[in-house]
Each structure stands twice: as C-alpha cells, then as structure tokens.
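Okay, so chain A shows up in both of these, paired with chain B first and chain C after.
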Partner chain A sequence: MITGEHIFMDSNLEITDRIQAGIIILDISGRVDAATSSKMEEELGKKVDSGAINIILNLKDLSYISSSGLRVILASLKKVKSSGGKIALVSLQPGPAEVFKMTGFDRLFPICDTIDGALELFQV
Partner chain B sequence: MTTHQIELSDPKNSVKILSGFLSEVLEGELVPFEVDNAMQLAGEEAIVNIFKHGYKGSEGPVIVKCTIEHGRVTLIIQDEAPFFNPLSLPPPDVDAALEDRKIGGLGVYLIRSLMDDVRYEQTEKGNCLIMEKAYSS
Partner chain C sequence: MVFELERLVDLCDGVAVLCLIAYFLTRTRYASVFVTRNFSPFSVLFMTLIGGIFYLYGILTGVEIGPYFISIQVLGPVIAGLISGIAGGFLAGVLGMLLQTATGNPIEPAACLITLLSGIIGGIFWQINRNNIVRIPHVFFLGCLIGIIQFSIGETGIRPEILEPGEILEGILDIFLPTIAGLVIFVFIINNLRTEAENTRRSYKIEGELQAARQIQLDSLPGQTFTWKSLNLAASLIPVSYIGGDLYDYRKLEDGSLYFALGDVSGKGVPAALLMSSTRMILRSRLRETKNPCALVSEVNRSFLEDGDNKQFLTLITGHICPDTGEVTFCNAGHPPPFIISRSGTYGLEPDGNLPAGIMEDEEYISRKLTLKPGDILTIVSDGVTEAERGEELYGFEQVVQRLNEKPFFKPEDVVKFLNKEVRQWTGDNPQSDDCTILAIGYYPEQ
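Now for the complex of A and B:
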C-alpha cells in the first residue's frame, strides 16, 4: 500500500494521488461541482499532459458530481483514449452512480467495485 | 408550509452558497438523501446556466425559493436575464459512442431527468424555472 500525497484540498474537494502497480490513482473526496471542477480539471489535466494514459479515479468518498465534473472527466477520457489509454472509475456512491447512469457515462467508463478490480483491467 | 429564500448575485460564490442553503433546508426537513442530492443538482445546473449564459459571466440577481410541503420539494429560481427557456434545448444523445459524445450540454438534461416536473415561465423582469420532486417520508 502506497500512501497518497495530497495534491489539492479545500473544504469541499480533496484530491490525493498515488501510483499502484504502475497505474496512477486519484482519490477524489467530497463534491465536484461548478465551484470545484476547475481544480479537478487542473489535477487530472496535469496527469494527462505528463503522458499518463491509464488512470483510476477512486470515487469511494465522492458524494456529489454535477455536469461540470462530468465535463472534466469526459474531456480527459477523450484525450487518453486517443492515445490508447483508459480511465476506470472505482466505488461509485449512490448519488454519483445515478448521475453516471442517467447520462450514459456508465457505458463510456469501466466501473469497478475495488481498486484491485480496476488494476486488473490495465494488465496486459 | 414554509418557503425558504435566498438571493444570489455573484457567479464566483453562488454554487457554494446555494449548496449550503439547500443542505440546511432539506436536511432540516428530513428530506431523503437521494431527493436532497437531486435538488442540489437541479439547483446548481439551473444557476450555473443563468450566470454563464443569461448574465454572460457577470453578476446579476437570482432568487431561489425552496418550499417543502406534503412530501414534495419545490425549487423556484428567478432571474432578470434576457428571456430564455432552457427547456427548449434539444436533449443530448446520451447513447452516443465516445468519439461522438459532445462535451457539455448535460445540465438541463439532468434537471429534466431528476425532477418529477419542470416548468418555465417568463416574468416581467426575466425568467422563472420551477422544479418539483416528490418523496415518501
């Protein structure tokens, strides 16, 4: 187990990053709304711009996501997909899960119950 | 019946203020979590569109009224922006493949999907969106 590093934190959103089995994992806690999505865009963008194409978003502690957050992760998915990568989502909570289902995002992203399950997706 | 009201004006802090306001009102009335979450989403999507498109990123008055009565939450959002009916927007294709998916355009779709009833009215000064959702307590 590798302890993650806080890369962003405010009262509503906390993002931690770590690497496990060579895959970048972003732990996203709190709310991704129109007020906080720019921070997620920045942090996710840094990973993608640095060449990461396989990313796991651990959403175990994500309580809320609005269309501003969906926009950010869809844009990132389009970028990594064009380089042959993917973004997997882990441990969606009921509120965000309903939003993902309603918008068809559950068909664009693999959704796993555990980090280990998501890591298996990236094994060649 | 009690109507709770808040006035927003600054696009930079309105989402946070609205979220705090709705949390306090809905939790105080013991509204179930999933309805609380849906009202928060509908409210956020509505005001984000008003500030972004109606007021073009500038400040402007937005009045939010929240009423809870007989297991039904009603959220009324009024602005003084140019007339625009957000319900006239075509729905996004949520079944499209990734390469064809457009980024954005999901806000009004989420409002329509999450609410039991959504209505738009023109007012003397601008626009009014009425969003309702029922729950069993």
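Now for the complex of A and C:
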C-alpha cells in the first residue's frame, strides 16, 4: 500500500493524503467529533478548494463520526457535486456505518469495500 | 560617583510598600471605584488618607544626599491625585504635611510647593485620562515631570553649582528611578484590576443572558408529563450547555389526535438553540394547515436550505398518534429510530432512509405507520442518549434496546427516568457530550 503524507495528526484524529490513479485519497483514522471536525473541515476544504472534485475517503480506521463530522463531509460533497465530482467512502466500519444508515447519508455517497473498487467508480 | 546600593535598596523598599498599598487597595470593597470611576466624596477622602499616610512614610524613610533630603514622599499625593482627581491629590498633600509637622519634621516652603503641585499634577492626569485606563507611557511622563519639579523648585532643588557632577547623577537616579518605577508599578496593578473586573463583569453579563435564554428555552417546551384520553406522555430535555439544539414538542390537534416531535439540530449551544426555536415555530405554524408528517418535515427542510447557512441540519421525528386506535404516523428524517416498549419486549425500528432536514432540496420524505398495542410505549431519544460516551465507548442504539428489555415498564415517566439514569451512569465522571432528550408516549385504552 502506498502510504501518504501526514497532513494532520492529533491524539484523536489523523489524516493522511495520497494520490492514486489521479484521484485524491484521504485516509482518516480516529474520531471525527465536535472537537476534531473543524480540523477535518480545514483539510477537506483545502483539497476541494484546490480544485479536487473526485475524492476517496478511506474510513478503515475511523472509529466514530458525529453529526458535526457528517456536516463537514456533506459541505464538501455539495461543493464537488456542483462541479460534477463525487466523494466515495471506503471500508466503513460498523459504528460509523450505523450513523450513515440512520441519517440516510448512505444514500448520498457511493460506499465501497476497497479502494480499488472506489477507483473503478471514478474511471467510468 | 559613589553608587550606594544600600540607598537604592532603601528606596526600593518604598516602592515595595507602594505595591503593597496598590494590592490592598485593589482587594478592598472600595476597589470598585477604580473600575466604575464613580468617586464619592468618601472615596476621595479614602484616597486622601492613603496618600497622606504614604507621604509620611516617605518622609520617615527618606535618605540624605549631601545637604539634600531625598525621599519618595511625593508619590503619596501623586497617586491620590491619579486615582481620585485634583481634590484628592491636593488634600493628600495637605494631610501628609500636617502629619509631617505633627511628627516633628519641619517643612520648608519649597517642599510644600512641590508636594501640593505633585498632587495637583496627578489630579490633572486623572482629568485627562478620565474615562480611559491610565497608559504606562503617560505615567512614565508623569514620573519624569514630578522628578523635574523636585529637581528644580526652590532652594532645595538640586543645583549643579552646589553639587559635584557625580552627586547630580546620583540625585537624578535617586529621584527619578523610584518615582517612575513606583508610579508605573502602581498604575500597572490598578490597570490589571480594572481589566480583570471588566472581564468578570462581561462574563457575568453573558452568563446572565445565557441563564435567561435557558429559562426561556425550557419554558417554551410543553410540560414534562401529559395525560390525555388513552395517552400518557413523559419527556425530558437536558441541554449540555446553558441552551441546546434539541427540541421536543407535542399538542392536541383539532381532529382529536396528538402531534409530537423530537428533533436535534447539528452542533450545540447558542447557534443550535436559535435554529431549534425557529424550527419549533415553523412546525407549529405549518401544523395549522396539515398534520402530514412528511409535509411538516419538508417545510423545515425548505426553511433550513433557504434561510440557513447551508451547514446546519436537523434530524427530526415528527408525527401524530390517534388516542382511540393507537395508530401512529410519523416521519423520521435521519434521526435515531424510535423504540417500541411492549409487554412482550422492546425493539428498535429500522431507519427509514430519509435524510435529515437541511441537506437536500426536493427530498422526498417517506412516512411510516404503526399501531401501538395497549400498554405499548413509543420512545424517541436524541443521540445524546445513543451516543452517550464513556471514554471512547458509545452507549449505542442496541444497548438502549437491551437495557429496556431487562425490566418491564408500565409508565412513560419511568422510561424517561430510567434512560436519564442510564446515561448518567454510563458517562460517569465524563462531561455530558450532547444534549439529551427523551420523549415517551404510552397507549392505555380503557379495557
């Protein structure tokens, strides 16, 4: 696996980024809650503002996401969607998966088991 | 030049006493006048007393340089003037000199003039700065001015023709350094107090406003228990902060059914609370036209998207229940699904796939119908319950079901009490992380 560059790290949330087949992949591990969501907003916002419209969020190590975290991902989704892009989620764990399902957010994002699967989505 | 460290130390003693006075002044109940600057005749007299006594202290601890007597006694009237105005400075000088005479220390006319002038100049600075904090550079300037006055007035002024050049420098050091240092430190301490008091006042004001807002918010909620026909309802809302973004509501409808709602605005505190109260009003006003839960949610959705900042959203369950049949129609917009506590056990409903309000325009919300059996309790909670945290561990939707299954519940009130207790026990010493809201409606038709 190609490991990316740490772009943000604290005891609760760690974000690294890398590019694979021309698509930005953000590996998000830890918790996205009221305390850390602003950091996530900043990092995700930077990618979107720099013109990225197709983004894969690798959530293999995401243990918890609160409604403020959903809000951040949603805001980015709205931006990339308006430019014809999309955000795909990969390896959603049971806890966060339940939150996505409960809030109907699972309808807003393609959810894939593997990064390769998500990459294929963007190749079409 | 003979630099006598000992002498400097003596004068530093004076400055230290000045700091002590400033400290005590700022800790007494009279200190509030430094903040409000509303000086009563009493507080002017108080400062006169302090200034006068300090003057005497200065006289008693002064030192002699050659033929001259140097001390920091003038700081007494200067400070009295600086704090309470011209009258205070002048009177402190007069009092100081009276005390001086009374203790058997003679006064020379020039020294008398210096003293009174110092007090008046201190007072003039107070006039100029009237409504502002006295700035340190101003005080520096004031110190220099007082030093120059001491230096140049009368026979006792330090005259180059009398003193050796080394002694002149020494005199300058002895007069200017303690005067400036004393004034700067004194004003610094007083300024600190003013800033601190100002901040405290502001935070009290904000806290008072928040406390009032909390009361308004809690008062705007309908009562925590309600019984009507065959329905018995209990509810609770515990905001994590003064005010919160959760809401519950219910009311009797004209067609004989009961409207209910429980919602959770994303985020916490004041911004969430503002959206919460407008949501409640939107729902209530739309309710006059329709009780269709999907129409109610759509209205909130529209309002969030049209008027919101596009960042906030709201998870909401709203619906109505018929007291005759136990039939419930509700729309769940992205909220943790309701639980049904029945005599045969508790189960959680499935999510309906609706998005929260405020996410997508033209979202087609779907509603769901179910019929409560006699004794069933429909229970809706906010994620403050399902996501109550112990360390990183969440209480969880499943645990709600599991714990509710462990004992029979006959009254909605017991369910609310039980769940609140569960959350408290689960979080333990951890601070509550989210607003915690519970609504339970039991159906008890006469049999």
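As a convention for this text, the second predicted complex is superposed on the first by the 122 of 124 C-alpha atoms of A that agree within 3 Å, B and C clash if a C-alpha of one lies under 4 Å from a C-alpha of the other, contacts with A are read in each partner's own complex, and residues count from 1 in each chain.
Heads up, the rule we're going with is that a contact is a pair of C-beta atoms (placed from the backbone, for glycine too) under 8 Å apart; a residue touches a chain by one contact, two chains touch by 3 or more.
What you see is a predicted model, and the numbers here were worked out from it, not measured in a lab.
*Asks:* So, on chain A, is it clash or fit between chain B and chain C?
*Replies:* clash
*Asks:* Touch test for A:Arg71: chain B only (first), chain C only (second), both, or neither?
*Replies:* Both partners, chain B and chain C.
*Asks:* Which partner does A:Lys60 reach: the first (chain B), the second (chain C), both, or neither?
*Replies:* The answer is neither, since A:Lys60 touches no partner chain.
*Asks:* One more residue to check, A:Lys81. First (chain B), second (chain C), both or neither?
*Replies:* After superposing on A, A:Lys81 lies in contact with chain B but is clear of chain C.
*Asks:* Classify the contacts of A:Lys46 with the two partner chains as first (chain B alone), second (chain C alone), both, or neither.
*Replies:* A:Lys46 sits against neither chain B nor chain C.
*Asks:* When the two structures are overlaid on chain A, which partner does A:Met102 contact: first (chain B), second (chain C), both, or neither?
*Replies:* After superposition on chain A, A:Met102 lies in contact with both partners, chain B and chain C.
*Asks:* A:Pro94 in the overlay: touching chain B, chain C, both, or neither? Say first, second, both or neither.
*Replies:* first
*Asks:* What residues on chain A does chain C touch that chain B touches too?
*Replies:* Residues 31, 33-34, 64, 66-68, 70-71, 74-75, 78, 95, 98, 102-104, 107-108 of chain A touch both chain B and chain C.
*Asks:* Looking at the complex, which residues from chain A come into contact with chain C?
*Replies:* Touching chain C: residues 31, 33-34, 63-64, 66-68, 70-71, 74-75, 78, 95, 98, 101-105, 107-108 of chain A.
*Asks:* Applying the document's contact rule, which stretches of chain C touch chain A when the two form their complex?
*Replies:* Per the stated touch rule, the residues are 264, 266-268, 310-313, 315, 333-337, 351-356, 359-360, 383, 387, 392, 394, 397, 433-434.
*Asks:* Could you list, by residue number, the parts of chain B that touch chain A in their complex?
*Replies:* On the chain B side, the touching residues are 13, 15-16, 19, 33-34, 37, 40-41, 44-45, 48, 94-96, 98-99, 101, 103-104, 106-107, 109-110, 113-114.
*Asks:* Which of the residues in chain A come into contact with chain B in the complex?
*Replies:* It is residues 12, 31, 33-35, 64, 66-68, 70-71, 74-75, 77-78, 81, 94-95, 98-99, 102-104, 107-108 of chain A that touch chain B.
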